[in-house]
Amino acid sequence: MPIRVGILGATGAVGQTFVALLDGHPLFEITALAASERSVLKIYREAANWIGGNEMPDRVAEMVVQRCTTALDCDFVFSGLDANCAGEIEADFARAGYPVISNARNFRMQPDVPLLIPEVNPDHTVLIDRQDWGGSGGFIVTNPNCSTVGLVMALKPLHDAFGVDAAHVVTMQALSGAGYPGVSSLDIMGNVMPHIGGEEAKMATETGKLLGTLTEAGVDPADVTISAQCNRVPVLDGHMECVSVRLKAPASAEEAAHVMASFESPPAVRGLPTAPEFPIRVFEDERFPQPRRHAMAGGGMQVSVGKVRECPVLGVKFVVLSHNTIRGAAGGAILNAELLNAQGRLARRTEAVAAE
Amino acid sequence: MPIRVGILGATGAVGQTFVALLDGHPLFEITALAASERSVLKIYREAANWIGGNEMPDRVAEMVVQRCTTALDCDFVFSGLDANCAGEIEADFARAGYPVISNARNFRMQPDVPLLIPEVNPDHTVLIDRQDWGGSGGFIVTNPNCSTVGLVMALKPLHDAFGVDAAHVVTMQALSGAGYPGVSSLDIMGNVMPHIGGEEAKMATETGKLLGTLTEAGVDPADVTISAQCNRVPVLDGHMECVSVRLKAPASAEEAAHVMASFESPPAVRGLPTAPEFPIRVFEDERFPQPRRHAMAGGGMQVSVGKVRECPVLGVKFVVLSHNTIRGAAGGAILNAELLNAQGRLARRTEAVAAE
Amino acid sequence: MPIRVGILGATGAVGQTFVALLDGHPLFEITALAASERSVLKIYREAANWIGGNEMPDRVAEMVVQRCTTALDCDFVFSGLDANCAGEIEADFARAGYPVISNARNFRMQPDVPLLIPEVNPDHTVLIDRQDWGGSGGFIVTNPNCSTVGLVMALKPLHDAFGVDAAHVVTMQALSGAGYPGVSSLDIMGNVMPHIGGEEAKMATETGKLLGTLTEAGVDPADVTISAQCNRVPVLDGHMECVSVRLKAPASAEEAAHVMASFESPPAVRGLPTAPEFPIRVFEDERFPQPRRHAMAGGGMQVSVGKVRECPVLGVKFVVLSHNTIRGAAGGAILNAELLNAQGRLARRTEAVAAE
Amino acid sequence: MPIRVGILGATGAVGQTFVALLDGHPLFEITALAASERSVLKIYREAANWIGGNEMPDRVAEMVVQRCTTALDCDFVFSGLDANCAGEIEADFARAGYPVISNARNFRMQPDVPLLIPEVNPDHTVLIDRQDWGGSGGFIVTNPNCSTVGLVMALKPLHDAFGVDAAHVVTMQALSGAGYPGVSSLDIMGNVMPHIGGEEAKMATETGKLLGTLTEAGVDPADVTISAQCNRVPVLDGHMECVSVRLKAPASAEEAAHVMASFESPPAVRGLPTAPEFPIRVFEDERFPQPRRHAMAGGGMQVSVGKVRECPVLGVKFVVLSHNTIRGAAGGAILNAELLNAQGRLARRTEAVAAE
């Protein structure tokens, strides 16, 4: 019996990626699509301006889009809503007893909401137990911003092995990170845009929480200083990031490369359907990784690292690449749901809903 | 009476930029074009696969391309030669009494050869007097690598005002920096390439020499630690660089922006035909600079800075943009020649040639 | 005394091109900028998201944007308005006595409104005398769609010499033709879009009127069958068109190339400030024209033709390139105004306005 | 028992596509890789600059590259050789008894060599019986040029139903069609190149042979006049073609769309591993097909047609898209081999080789 899934914001760019990635999923089945007023009561084929390379799955194409109200027939929801409406709607669903696995930024930094990368901080899901939605059984779990996830997955093994004191990161981010229609072709063709609103602050605060430790009060952020410079480049998918780190314990570039290449998923994550066999691939070929060639590694869930070498200013430097709409958005959220399901948190909550 | 100029490597990408920029120059007139065997005895129109947006200047188009031998009828030469042949040929010309204003990397780090940015280290031209080419009167002057020049022009006022202890730079470099045919479209369309051979080392050593001080032995490099990460992006012209600096004396982002915006050319440089009125423009609009919109500022000779702000890791960070084939190659070399001419160094040497 | 110009829709993509091209114009001076409610009472620098490569002209940057009402202090107006509001506003201005030189499509096919390319049908300006705006002295003149102008300028000399029976045209159109923000980068990066709404019909009807003959009733369209297939390609500026023509009198490719290369502006047009010295350039090099290299020929006003050769199906084929926002929009409208001014039609009308 | 395959020109762009597409093929197994002197005796991983998005298959990566001599241990060869050496080498292999399934152009127009698209002219394989390679049992079969195949697959059902009298085609061709490194990024970024050497002639002659009828003397070309205009556009994969046809029997656009959409593979082709379920997909959505979204339809083997409508000049017009390196090169050749295998022509010949 598959678990029944609803998608909030189903017609948007993130929502479409949820639909594409859940096609044929072994555990989850889409049973409800919800979007804004403009799309309500249309069939999905008509409502969504499908922008992906693959075809819209036939079964979903004929489903009727509903309002984002808490009458959706499903066991939990993925939220691909825009931040300007996600706060209220996601809270409504949690209050109504739905688990909400959200890609929106609204609840990420709330003390009792897990900001979750399964390979990095799977234990943070216990925060769920501290959430209070009126005893509904609902809860909210979030995944980080698309530019944060690649950085943090590369930092995690370094932090475990040597302690990361500071990281300097310059991003070269793909267009799909801005949604659709997103960036005007007249702005980005043959160009670089050195500004992405709010992105640099998010990378700093989210990294602290993701690498932080659980306390009574929530998550004590890791004591890692982050400085980010974020740029948009004319690439379709895949955020490239040039990272330099200052480590607390001395480490050579070889040692740094080794701990990243040796990084393994925690036992709770291994074998989940969307989990890549190796979370990080470290390239020895100095020409790699490249977004167009490697963003889709591991079905878009593997993070690629390359050019690990000494940094005369901070210690060690490297590049990291991650797929921004899969690992950095819908795919990351799906992996979050798979972990929660393995922890029994989806089944329990959905039973609660069913009992109402 | 214009000074007569020869161009070595006239058919290549840099050579073509020399030809385009010298069209209508008030001081210099092209009287000789030289290139490799393949082009010799052809007229320039046939020999050069003209890749620029403007038309090839008519007068030059009909000139016959000669061998790169020291029989060229001119007072000095610009060299746009490839590094694999520039060493020998440029030395031959210097030995034969020609001033050689070179864009090649071969002699840049030689102790008695000026590595010159007129706004930064015009006094380094006295190194010429230490060169020994058998009393020929010839000499060699070089300009830095295209990725170095924007960085150093931004660092110069900071170094003068506060002292630069270290700089971390991530480049996003344009395609024209790789020459023609250069980068395959299959490699770079919708992609980022995180490796440019030799570039990161050049940025470190050249910056030290450019900001260094004259000594008996040559140039004592500035004690500035540089860490560079170099990337190729799908942009035609204009290298973008994300820079973070650690200053010796504390300075706020506002103070850093102020000294960069206030930077003036030395008196010897002001008013030279190719010198921009303001060497550095500091944007307040956080969306700028962008390569496609601002690379051509000041005829491609002005450096654009933007997003000056605090860096929690190193102190101050910003982006800097410079036109890689103008300021970073042919235009920079022409400005070098204009400075040398103003210092009387071209006239004297060319008289020596004439006297032979 | 320059003639005083107002620009309707001054903040949009076409309006910005008017502003850029009129900077330093010898006859016309911008004295009024008007735009939609969102921009009213802002200075132009704040109101317009300037997308061009050059800097916004300083004088205009400080002007205050006004409403599109007929109180503008100017002798005539250029209209860069969107079609959804151009009809009403342009009629208002004509009724109020202003000459309206419009780039919008609304009045193009109206019998008494000239659809004008000065080099092609300068005599069509007499239609102005048939316009009835309540005796105000105002009138409307239009220029064709950006994809029509290159085609018609190439067809004109062929039609005069041999008679064009039919033309088949496939366009590859630049992004700037869709305005700003226009085409999403996610749609067009590394892609071709085979549909541009309404474009194919416009190319057929407008060509007929432009090559048509004046009659009592208006313009009798030329008996030329046009079939157009319109595509969007990832090019910034410059529409490329592959044209095949069936001529009424037999002609070789050489003869066709010759009449196009020999095409001269009518005497009334020669010497106008914006008129290119040669309206059409015919390339012999089969690699040319190319949009990025040749769109700006003649300041963006020259049309480039290449690859003239036999077509086994229709007779003769070739490619034609024209700059879509200059020759195909704002520049074409400015040339229209220059012709009207030379014909005394701007002065007369503006005096009428002044007399009110 | 899989049939053992050798690949000539294995390190080039076409050769790499053969390797990628044959990974996991149910009938064919790569047992030999051959390339030019530069690669000989290297393992494939080192010899090939792998440009595809997917990983190089592990098994093949460790194979040693051999010379293109007739000592290869395989039952037949695919040839991805360049035309400048394909003629001699392919003839050598045929003479030595190998079936040669070639993508090169050298033998395409030879009277006794099939130019083959299985869905279009599967009966042409009988030409093999007329080839004389000294009784070796070897033979040569070719597939058409990458720009021809989409055109001909769209024309085939129209020709069968109504007779095609003439077709006018304008291509917008992808970069991968020019091989690697192929087109310089400086030439094609934000540009269109209106010339591809030899392409227009190939489209005419090859179409005639593909739609032609078998005679005693070879293939009597179809009496279809073709006029092609070929352009390169900044697209990675997928040739778009705007086609207008003049039919012998009158047909509406709806009828034309219907026969294309109803086109079925001949029985001999249905069910072959590489054959798409539907050879042609006809889109009703006027925005489609688009190369980036639909080139990979049917694993890159399905041809996409859209915008079927009346053409006032020739009768009916439409766009057709096909993947140039799969359907138009390596994938087409593999389908050819599958057809030959089903016809018993691979088995018989390979036994002959084994018997020597």
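When the chains are written out, they are named A, B, C and D in that same order, and each has its own residue count from 1.
The working rule: a residue touches a chain if its C-beta (ideal position, glycine included) is under 8 Å from a C-beta of that chain, and two chains touch if they have at least 3 such contacts.
Quantities reported herein were computed from a predicted structural model and do not represent experimental measurements.
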Between chain B and chain D, how many steps is the shortest route if every step has to go to a touching chain? 1
State the chain with the largest centre-to-centre distance from chain D, centres being mean CA positions. B
Distance from the mean Cα position of chain D to that of chain C, given in whole angstrom: 43
Between the Cα centroids of chain A and chain D the separation in whole angstrom comes to 41
Taking each chain's mean CA coordinate, chain A and chain C are separated, in whole Å, by 48
Quick check: what residues of chain B touch more than one other chain, meaning two or more? 189-190, 234, 236, 292-293
Which positions of chain D touch chain A when the two form their complex? 52-53, 189-190, 292-293, 296
Could you pull out which chain C residues touch chain A in their complex? 51, 175-176, 180-190, 234, 236
In their complex, what parts of chain D are in touch with chain C? 166-168, 170, 172, 189-195, 204, 225-227, 229, 231, 233-236, 240, 242, 244, 246, 286-293, 306-307, 311-314, 317, 319
